[in-house]
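Right after this note come the structures.
Two complexes come next, and they have one chain in common, chain A, joined by chain B in the first and chain C in the second.
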Partner chain A sequence: MKAGPSQEEIRRHNLGTLLRFVHLRGPASRATLAETLGLNRSTIMALTSDLTAAGLVREELPRRPGRRAGRPSLVVQPESTRVYVLAFDVAVDRLAVARVGLGGTVLDRRETERPRGELDTGDLVGALAGAARALVRKAGRDAVCVGAALAFPGIVRRADDMIMFGPNLDVDGLSLGDALARRLGLGVPVAVRNDANLGALAEHERGAGVGCDDLIYLHGDVGVGGGIIVGGRLLGGQEGYGGEIGHMVVNPGGRPCACGSRGCLETEVGERTLLAHAERDGPGRPVGRDAVRAVVDAADRGDIVARDALHRVGTWLGFGVANLVNIFNPGMVVFGGTLRDIYLGSAAQVRSVLATGALAAPRERVRLRTAELGDDVTLVGAAEYAFAEVLADPVQVLARLRGPAETALR
Partner chain B sequence: MNRPAGPGGRVCGPPVPAPAHPPRAANVSPVTPLLDLRGIDKSFGPVQVLHDVDFTARPGEVTALVGDNGAGKTTLVKCIGGVHQPDAGEYRFEGTPVRLGSPRDAAGLGIEVVHQDLALCENLDIVENMFLGRERSNGLALDEAAMEEQAARTLAALSVRTMGSVRRRVSDLSGGQRQTVAIARAVLWDSRVVVLDEPAAALGVAQTQQVLELVRRLADKGLAVVLISHNMNDVFAVSDQIAALYLGRMAAQVRTADVTHRQVVELITSGRSGDLGLRA
Partner chain C sequence: MKAGPSQEEIRRHNLGTLLRFVHLRGPASRATLAETLGLNRSTIMALTSDLTAAGLVREELPRRPGRRAGRPSLVVQPESTRVYVLAFDVAVDRLAVARVGLGGTVLDRRETERPRGELDTGDLVGALAGAARALVRKAGRDAVCVGAALAFPGIVRRADDMIMFGPNLDVDGLSLGDALARRLGLGVPVAVRNDANLGALAEHERGAGVGCDDLIYLHGDVGVGGGIIVGGRLLGGQEGYGGEIGHMVVNPGGRPCACGSRGCLETEVGERTLLAHAERDGPGRPVGRDAVRAVVDAADRGDIVARDALHRVGTWLGFGVANLVNIFNPGMVVFGGTLRDIYLGSAAQVRSVLATGALAAPRERVRLRTAELGDDVTLVGAAEYAFAEVLADPVQVLARLRGPAETALR
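Coming up: the complex of A and B.
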């Protein structure tokens, strides 16, 4: 039998818990922290002074005197400008890089359009690294990068962050994270994860799903991605490929999918299909988020072709959600990316299919919501992922990074 | 690469319970209704507009009120808001029977109605509109700083980021922003029930979507929200319950999760759908 946790483990865990609290929920007074974390005030004081010494938080007097009598409790704030991560988002037709401070503040960002289709790894790594370096240069002298993560619209192996397959990008067997980390030379690895998985984390930690430990996130870009959170943890499966909701077959013998199958959810509700139903496909016609939004807009104005397209897409989306509700009994299903617009434009259809297609018991309480983080959801997810290491062991990680990073950066 | 389990992962070892999330979405039913109207009748002279209407609204839920033009939606809302007094029936608030003599009585209970015309003053700014008629003063002068701060705090609590300065004049705002100001004004007073009469009627898609998300957030914060809408997508997108009026009678009040678009349309147009609705 394993002995209980050591003093050192308990301290590390408490440091992480306190830092995670101010990172996710914002500045909090020592009194609030003591109350919420269930620790006494002297422990809180010891923990905050350790974190302050490491440069992770600072303490300030509250701006306005509190209502309670007595000496006001100091407010613990995350050091947003001094401790940051780099978040990368590679979407099918755009790239985004952000420098995100502890506490989740987006300090700075770069975004560029990208032509669809061909993906030259060298160019991609160059563009991402260039943007990231520009962001790092603008950081303060004493700022330290504590992690980096990249959201990718494809299937990624958990063990080595290898991109195995991207249905809408030709990238099989690519070690994007390693290549990018080498080019950046910041002394931190670049984790690569599926974009919708990261979207699920973001909505769970900071968006519509705060407080809901069983949620499913559906992300619409060109295709459809998914992230499933069960009991507060992302469901990855054996190798981390899990949650590919977009490749759940809803219409056997339906439209052919880039993955080789037919009638996958993403082929029935994806951008190409919506535009085809709306008679807006073909060479030279606009594609992407704005084209999808234009269909929803036209439907709202009464365009019958656009309405019919949304109706058809909404039906398949309803079948997909009904299956998920039956299998996972989620407390919430969140629609993000272009699926936010598609859901709001076809909710009557989606929920009608759900009402008839899902079992009554799990259907009764499921909340259908749109992503609160909007178009930044995958970027925020990447940032949260990148913070994971420092939140797990704040003082050690910072001590390791402060030394070499100081010289490598300048 | 050996990385931690991700932000959702938990470190082993039991010493500290994970921080409790702030209370959010009040659990969906079965909650006692905040608003509970039973057997409401209302006539204007010889014309009976509401017949034996039952209607409930629960905290944490959006209850959509639907019906054709002239079905009695607006009259019911005016009864809820204290503008009209029902001729018969019972009005319960948190289980206690109440009589509302005026909109001021309704406001006293925490019931706010956002009418279609919004009733905002174009020549005043956002803060002045939000506190119109209920200005805060410190002694003789108006406490502008406190009002400005509370207005900003309310907008922030509703996750409204698209407004810019709270000192902008309403005449400079778009339709969606005006709607947002009207809704924020309704929730400023620790309201318990907010009734929205066609909030998205005159808006474009992008603004409609933002207003719908705002409506949903209000309910997720624990308010009872009543939403009148003609747009079935909007109704299905955000509601937990649908109450369908047909010629002054409540055809049915049903859980949104249990019905289809077609059933709701049938309830609106013929008062019944299969087992649901009024008996022939």
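Coming up: the complex of A and C.
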């Protein structure tokens, strides 16, 4: 039980809310801001002026002026090129690094494929840091990095960002964020979070789930991850491990899973099982997103084996989604990563199982969607996560990052 | 995105926070309140004075004065007998009504058993209203009813409290709250909520889960219900149907469920299945809580059939709990209603399945507990829910309820 906020806390909250609005929804006039945030114009002016002084926004003439006669109203826009974050995405098959400006613009990016299998931590940190430094060098002199975050396909402890379980990369007990932050030397920590959790955040803030505050995101890489938005906030649970939907047992006694259990959703609908059902597994055969897409394409062309494989996988996916609908009464379930393709190839079967497996009341209004952010969903999520601190307390964070010389701005 | 609160909103929030503190934690000195709520003494004095004027709290000498010399400090305590709610609990086998005072004291109660089977709505509303009116008549003249809520074993739509699905009482599409409020004529609406959701609230605020903000409550009546606390708040989902853990399919192709699916947790661990496994089902045989307890008692005495029945049920309960641990990373799972007894009789098996079915990281710290509020858990939850409005805005709500003559108090 906590008492209400102080005046100073409210001011910081309002600065953050205004900045968050233009970050997520784009440039807006003072009038729009006043109306949307429920604040009067003089408060908006004061907030905008503080954010401008801190170098976080600027006011400009709109590119497409309105039709009304007279002087067009100035719009507040985020300083996209001067204020940025670094977003890292470690997937089983590839590494991606992006420099993302305030407002969500990807300013620059590097991406490399990597062979599957165990991870050499030193190599990984070296590759990520090298790519990031190249991106930073290309940023302007007055640009400031306000945060960094990394999406990882494993279970991450919230308290210290320790990777506790990452069976598909075999990296239990790794403090990847600390190692990377030291190597980068930019003076900002690198947060590490579960990739599917970040995918949920991205689709909720910038993708299919904008405006939907109860959303479930299912992400297929080699495994199956999940991210859950409850009442507008990411479900973390007691220690941040929440959302491991891939390890929900849907088929007791089913296929053995890397987690030690059997019949987990991940084992029944994952890439390996789909390729096995489709008779496309085995040494030397293609794996990864392209191999999954090839099965879906073959099914579209009428290939019976591929169709059957998708039907079987779709059945278990349907059971999983039905359980989630009953437990969460979500407004939307979003399929991303390889599950995007798998869902598109098995939607009829998923819906058929859902029709009997979920209760009528929560089933009626749930929408099943594919991730709008495509292959970048987890990378975008990492960027959004990296912006969280500056959006929570913009002026203070900027002052700290720019150093004591500029704190006078406050 | 919403701007920070106004001064008036903060004052209301602080009034509510102070009242909530003494409601849930009991009488407290101004010094304790100031320290706990993080407010200065003069603010606490002003808030206490407003709440006293509204008749919500009073200040008194503590019953057991401290050991320090000098005048003992006054304590702020809730007006338990003057401010109360009505709590209703409709279970499959019984009806209960209680008058519960601010602070959570059960001032008076009525309880009747009822035969199983379909519900005659008129009879039900009549029985509940009759019992409630008898309780209200015994309240003092200056007592005021500030809310009413009813716990129901079914799915309830948040927007209008409509019961959408209650297979064990066959009452789909019933507006029980409206009918009851009209019959009561006290000028307060009667909220209707899912019984297990209210059980979760009760255990979180007054039971095993105090201080645990990520908690799952599983409630056994004839069916199995669930209530989930995420980050300190009840998970409702898009329309309030969230928490239907009883309809998570744990055994695809298992026993048919009243919901139309098969192998739902409810069908695999519910009363009927336990009694069937224990060879105690059939026409004329005892049912309900006592019949469940008899199986657990028999198993304790070494009855092989009863032990085997609990082992089988414990296996599926273990799968269900493992899934929930993976999905939610809860700090605690609480078993209430008949599941309290079933869990106590099958804990070893539940833990054994959990050990392989849940990931190590979220499993390590989860505590499995039985409901501390016993048979009253859903009734207490209804009372807490009924207090929610007055705790959110105490002075305004009291003024409205006491009528225009007393609004001058504000």
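Following the convention adopted for this analysis, the second predicted complex is superposed on the first by the 392 of 410 C-alpha atoms of A that agree within 3 Å, B and C clash if a C-alpha of one lies under 4 Å from a C-alpha of the other, contacts with A are read in each partner's own complex, and residues count from 1 in each chain.
Assume contacts are C-beta pairs under 8 Å (C-beta built on N, C-alpha and C of every residue); 3 or more make two chains touch, one makes a residue touch a chain.
These numbers come from a predicted model, not from an experiment.
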Partner chain(s) touched by A:27 [first = chain B, second = chain C, both, neither]: neither
Which superposed partner A:13 touches (first chain B, second chain C, both, neither): both
Chain B versus chain C as contact partner of A:238, first or second or both or neither: second
Partner chain in contact with A:356 - chain B first, chain C second, else both or neither: both
Partner chain in contact with A:126 - chain B first, chain C second, else both or neither: neither
Which of chain B and chain C A:367 touches, first, second, both or neither: first
First, second, both or neither for A:39, with chain B first and chain C second: both
Chain B versus chain C as contact partner of A:55, first or second or both or neither: neither
Partner chain(s) touched by A:247 [first = chain B, second = chain C, both, neither]: second
Set of chain A residues, in rising order, touched by both chain B and chain C: 5, 9-10, 13-14, 17, 20-21, 36-39, 212, 233, 356, 360, 365-366
Chain B residues touching chain A - in the complex, by the definition given at the top: 1, 3-25, 28, 159, 204-206, 208-209, 212-213, 216, 232-238, 255-262
Of chain A, residues touching chain B in the complex: 5, 9-10, 12-14, 16-17, 20-21, 25, 36-39, 160-161, 189, 191, 193, 201, 204-205, 210-212, 229, 232-234, 293, 296-297, 300, 340-341, 343-352, 354-356, 360, 363-370, 372, 384-385, 387-389, 391-392
Touch list for chain C against partner chain A, complex: 1-5, 9-11, 13-14, 17, 20-21, 24, 36-39, 155, 157, 164-165, 212-214, 226, 228, 230-231, 233, 235-245, 247-252, 259-261, 319, 322-323, 326-331, 356-362, 365-366
